[in-house]
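Listed below are the structures to be examined.
Note that chain A is present in both complexes that follow, paired respectively with chain B and with chain C.
Showing the complex of A and B:
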């Protein structure tokens, strides 16, 4: 059967070569990349317009064309709303012949959008979402989850702390899908490492005042207070923890810290806090070179989803080129067969479940005295090998 | 008082926690106090709204954006001009007040005789534009602003650690709220103000410049929001979203207190802060909805609001 396929393919290819068209080739004579992100809301800084810039850079660095056909980019604002995001993606596929969707921020939006994409057999390149559902309970042969996920955050930040003797944990958790997922997976890591969770509060998304929760955390007698939230919630909760003296008596661990959030914090409050990240601009010459180019165009240093968006777009285009087509199954097969290797992807490979496994970084936030510039915010403490950071693949998600 | 009682119990029981019905009294007193602190923000913001609505009949949806502007101006004053927190507390409300006066004069007044809905939509539009502009130029992640050195640190109370800055928030906002209430309800100036909105023609006949009073009142109401914004800058994230997050709650508070009731807005603000604080303690998931639940009940039982006069 396989041999027959090969022969057929060879025949098709020679016919194509004779007539001057590519076998299968590029649908509609253009590779169209859709960038879907929160452009003006709470997550605008971590992906948003910056992800569009990163994808543009990837397309330009790639040469602007693939297999002789132009590469086009379209972008849209999902407003962090699943219905808005999935409607847009449906329109992209049906009316605008979009071949692949990148960006993808709020996990709730990504959940809805990946369903639409899988039904249409189109690839989702997920850069900014945290939930690990897209490669576990909602896994799909068309998902590729880059940058990071909640498992990597818990394994990277929580595990070493529990092992160093910080056994009792209390969580201040964002009360929606992402926060629950992060708290859940961190709890598993704590319990399996011999620690215990002594309490948790679920704070609604967008809570302004965390003092009540901080008092509850203080009363719990925990060794560590884990902040299972992100963005402004993270900044507000940490500020309050410092103000009420919690940071002096107890360790506070931010489980998801993006560089713009770290920059929004007074170093006096945040210094010394450890975090796990998929990328830091000042790691080596390669990351600095790309980040300088990004900053020149975008105005700020890249957060990890920006770097991830570039890396996955580049890997996708390389795969299209190698596969000789933009047909999703062939491209995904190629993406899994060849290893991504760029300033972002270190020791990286795209696993069969769609999880991009790569080295993560354990960083700590610098104090004011050791910062050379406003962008100089992290010390890199350790490199976490990809297979340690990310949980193993589930057998039911092994899409060969 | 509760704290003191709790303290005696604590002392007499030694290491045993002071609990009644399984509730830790220390924790509860702490929650009441932080609720009161939040309540003082609500009081300041709802007072501004109540003044503008009560005296001018304008539903100012830009109040949240003005609060955000207050926090951002404080940050800008510090970072661009080296103006410290204390001066910002005085100058920023003035600056934002002036902006509000311009907004009243050139945007709100031309539609003053139209339906209230017009000014509501206009101010809502202004709020969206301001929020969009700040997101564009400063991003959505927020900016850092330090607590002034004079107010760093805190006091150890028997039941909790009270940061000095939070104590300052309560004191300063209560002083501002109650002096505003006193001026409007108890002084001659306040009487002119109230009369000017009740019967503008008659007051104009007495030689009072009613349009000027209107403009200044609008400016003052907005300046209160900016004052709250400066107060908030060191403790909350200075971000473009901060105003829209708090505005809807503040509107609910104004409705609970009774649209346009000045004293009602202040008391309800404080009260709702405490209600929200207790909810955060007993059932945090409901903390953002509890005020709206309260609003529904009040509207059903007393449609004019707790302190409103029946129409």
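Showing the complex of A and C:
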């Protein structure tokens, strides 16, 4: 009996020792990256399969292995539903030993998923979500929010317009978390810059007939009509605004414009519209080189979440290599200590709250005459320094 | 009867060892939906009432439990109890209105009422709209057992499922259940025998909605999330599919149907066919309705009867 107890103790100790050793190296002898995105719904074009491609490119460019262990990629469709996404991520962590989750599109899904990840002490690399909640009221030491957020959009697009004298604003807002967040932060920016919001109307996600909303906007007497929506909602509302002649009498500002949406619009309607973006493929040689490779594999030019997904995967893998482990705390510390620097991340650093601060671009949509190809859609108007674009860090989110 | 007991024993043993082989959260999801389908089957299979808005009870149970667990620090068993009662109460109101009509009109009334609730949950501030209620704590059962452990949670869910399943069986095999079946077979005759048919339907509706609420409450604890998906009419359709596929009016039909539907969804969601989930489910549904109308368990029972009966 005593001997058995001793054996048990010895076994227990060796198990403890073994797990102790594991924490230093790579867990389960593989670094597994989960890509969660909307693969077939309204946001499939802006991340979706393209984000999987971007992550694959990052892994290949990194060499396919880290610290001598293979890097694997798994992907899943979250259908823009928080329950589907969080269940999948839970399964990835508990059943499939996934080390890090990237992609992450609809803010509602990201909110649910980051809670699961934080509980499990795993890192979330957020590329396509807009809400700034993940680094403010829902901040976590395991969140890294990469490409852009609503604060950057409002500071980038709205602020200069108010300062140039467009004081009265009206919003057509997507009626869910993301739209509310965007309208809210844009309203703050407008009021602090001396403008006023004369009205707002909420349209359900996936509205096809925007005429009544546009008529309300027309009747409001605003200088600018802000479209606090995205994807096909943005395209449809802008088309309707043009059909009703709203674009001729007032300025219409798209607050969140992705390249595939801009590409889908008739230049006659969209020309001259300004937008804030985290990335544009035709900025310089570096971006063109990567975008050409992306286009060759995926079939279309990259939108900003694609470039962000590549950049953050690369930065994560570099951090794993430098830290000598895939243990989340050590990797996150390393990610914050070293500055990301690639075709996407310019003058960039990962702040302690998980916000990746980098230069944003203010662009305007080109008219038909000045376009040299189907992919030639933006003029770059200005570079917005990261510290100007993004919201300042909250003291309670200062995770060191 | 002995044969039945052996079967139950066998199933319980399987259920007890299953989590060490299969991923427990998947099993919990399966049990929650199986319970939901059992509750639905009580109405459709044994009273002949097609409620096309049953998801509203699933979701209501989930929202109530989620809200209470998040904001009042209730223990999980009380949270689930509150969710179940809430769904039952809503079922009492909706049922009272719906049983006044029959057939397609009954289905339409339940659908309309469910949509009413859906848009209420979409706009009401306490549900979090599209975000849902996130990060619901699983808590400690009776203040003692930590449910964050998946195995503890699994056996808790299993106990709830067995209770719900037993309750449905008890209802079906009681004198009350006999009258329900009589109503299903020939309603005017039940009336002529002096039964107040609407009251019987109403009580069955309440039991069914409370059990659906129980399933929703449990699901919320498992996934630590209550979302709009659970109140959407898609979910109401899904439970119809589960029940018909498994075998309407059979004891194990809903269990098998839920198992098949959830497994297919689970298998397809990760792969290349992810985009075609709805098409594949639709085809399965069509095949089921055209080729084997009494569902998997129903056809199996017929086969057994023909060859061994």
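Assume the second predicted complex is superposed on the first by the 377 of 400 C-alpha atoms of A that agree within 3 Å, B and C clash if a C-alpha of one lies under 4 Å from a C-alpha of the other, contacts with A are read in each partner's own complex, and residues count from 1 in each chain.
Following the convention adopted for this analysis, contacts are C-beta pairs under 8 Å (C-beta built on N, C-alpha and C of every residue); 3 or more make two chains touch, one makes a residue touch a chain.
None of the values given here were measured: they were computed from a predicted structure.
**Q** Between chain B and chain C, pick out the one touching the greater number of residues of chain A.
**A** B
**Q** Which partner does A:82 contact after superposing on A: first (chain B), second (chain C), both, neither?
**A** Only chain C is touched by A:82; chain B is not.
**Q** Considering only the touch criterion stated at the top, classify A:152 as touching first (chain B), second (chain C), both, or neither.
**A** After superposing on A, A:152 lies clear of both chain B and chain C.
**Q** Which of the two partners, first being chain B and second being chain C, lies in contact with A:74: first, second, both, or neither?
**A** second
**Q** Could you look at A:208 and tell me whether it touches chain B, chain C, both or neither (first, second, both, neither)?
**A** first
**Q** Taking the superposition on A as described, I'd like to know which of chain B and chain C A:40 touches: first, second, both or neither.
**A** Both partners, chain B and chain C.
**Q** Counting only touches as set out at the top, which of chain B and chain C does A:266 meet: first, second, both, neither?
**A** first
**Q** Figure out whether A:331 sits in contact with chain B (first) or chain C (second), or with both, or with neither.
**A** neither
**Q** Based on the superposed arrangement, let me know which partner A:100 touches: chain B (first), chain C (second), both, or neither?
**A** In the superposed model, A:100 contacts neither chain B nor chain C.
**Q** Using the superposition on A, tell me which residues of chain A are in contact with chain B and, in the other complex, with chain C.
**A** Residues common to the chain A contacts of chain C and of chain B are 40, listed in rising order.
**Q** Of all residues in chain B, which touch chain A in the complex?
**A** Listed in rising order, the residues are 24, 26-27, 30-31, 34-35, 37-38, 132, 135, 139-144, 146-147, 154, 160-161, 163, 165-166, 235-237, 239, 241-242, 245-246, 277, 280-281, 284-285, 287-288.
**Q** Which residues of chain C touch chain A once you look at their complex with the stated criterion?
**A** 23, 25-26, 29, 129-132, 134-135, 150, 223-225, 227, 229-230, 269-270, 274-275
**Q** Quick one: which bits of chain A touch chain C in the complex? Just the residue numbers, please.
**A** The touching residues are 39-40, 74-77, 81-84, 86-88, 90-91, 94-95, 106-108, 111-112, 115-116, 176-177, 205.
**Q** For chain A, which residues count as touching chain B in their complex?
**A** 40-46, 48, 175, 201-204, 206-209, 211-213, 215-216, 218-219, 231-232, 235-236, 239-240, 243-245, 258, 260-261, 263-266, 268, 300
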